[in-house]
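Got a structure here, written out as structure tokens. Questions coming.
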Amino acid sequence: MKVELQRKIEDLHARYAHALDDDRLEEWPGFFTENGVYRIATAENEARGLPLPVVYCEGRAMLRDRVQSLRHANIYEPQRYRHIVSSVLVQRINDSLVSSKANFLVVRTMENGESTLFASGRYVDRILLGEMLYEERVVICDSRRFDTLLAIPL
Amino acid sequence: MKVELQRKIEDLHARYAHALDDDRLEEWPGFFTENGVYRIATAENEARGLPLPVVYCEGRAMLRDRVQSLRHANIYEPQRYRHIVSSVLVQRINDSLVSSKANFLVVRTMENGESTLFASGRYVDRILLGEMLYEERVVICDSRRFDTLLAIPL
Amino acid sequence: MKVELQRKIEDLHARYAHALDDDRLEEWPGFFTENGVYRIATAENEARGLPLPVVYCEGRAMLRDRVQSLRHANIYEPQRYRHIVSSVLVQRINDSLVSSKANFLVVRTMENGESTLFASGRYVDRILLGEMLYEERVVICDSRRFDTLLAIPL
């Protein structure tokens, strides 16, 4: 049933957003399949077909490592994210997989209270039905400016 | 039915947003139950467990008073809000109540045409089913900067 | 069925947003009925009842002309849009028509990587059911500042 599928995908995206925005980073790897891929790219490189991701993680172990280093390195200034996600398009690939495309925008708030439009772009996802996990989540950012972008996952 | 419940909650949030953005402030108290609570807090205070809301209103009478003073005091520069709401998560509390969590962002446009990202954060709500009214709406802002934040309800 | 109707309208808005954000401008006229109207106005003029649209197109032929001149004039700096759409309210007009109101925000990214909040406002639409096409899409911008607003459709 198409309405129900749409709701499930939007619910997954929403839970992902709140986990990051609530600083529950340890839950982040659990949104992916065991060998799931997380990749950040720029629209410019994607359009040119350049396979140069800004970030590339494959598998939960690597995602967990990433969270660990974020927690312990602590080289970045305290900050908070707010994800806004919209325009979710869903397409069935087969019985167990769907693809999803969505627009996003992230507002970043620093400890001094300054809020800025931090990133915008689109999520291009492949999602495993049943368990509702990302088999692949590609974050394609509109801008190639990436100052401290790598601090928290998008 | 879960899909239907989700739609109803998102519809309530959407009607609330349009009422404020259309400057129909007089309708605002009607989105709450008779003793409904409206509270604005900062993420910082919420995280520290400090019970210091920036704004606290309890009951429709108090909400109506607030609208009255906004209409008559007129101490603030003319401005317009635009609410963007996404990532709505809904959970049943019991037969008549649900809780909802959503991300929001407000763009403010001044009379001279200047538009800025005014506020971002999350709504944490308790909603009475049937009548579809807020029993409690907590607006948790990411930033603690609140210049003229109190002008229009968020 | 109300849930299904809501999904269809949100799906239309989402496909429209992705077509523009992916620079598939040639598909844009196809979102409208043969005589469909596309209009950009400012909230200020709408509130005053001034019938002075910033942009007015009637019919697919005129929309195609607009795309042609955008493609060939090329007087504007390369840029990318990102649409965020939320708070979609749907109302049936009759058996074949619905009206829809939605909030939007557009982030614009220039070639040098600079991203700004470009426009915000609301879509006020009349949509033909069955074919799911805009009979009328009115884009009411919060700000009356319109620098290079006319570059890409909103």
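In order of appearance the chains are A, B and C, and numbering begins at 1 in each one.
The rule is simple: a contact is a pair of C-beta atoms (placed from the backbone, for glycine too) under 8 Å apart; a residue touches a chain by one contact, two chains touch by 3 or more.
Given the structure is predicted, the values throughout are model-derived calculations rather than measurements.
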Inter-copy rotation, subunit A to subunit B, in degrees (Cα atoms; steps of 5): 120
Residue-number overlap at the subunit A/subunit C interface, same or different (half cut): different
Computed distance of Cα centres, subunit C from subunit A, in Å: 27
Residue list for subunit B, restricted to those that touch at least two other chains: 3, 84, 86, 105, 117
Contact set on subunit C toward subunit B in their complex: 2-3, 6, 43, 84, 86-89, 101, 103, 105, 117, 119-122, 142-145
Subunit A to subunit B touching residues, read off their complex: 3-4, 7, 11, 13-15, 17-18, 21, 80, 82-86, 105, 107, 109, 113-117
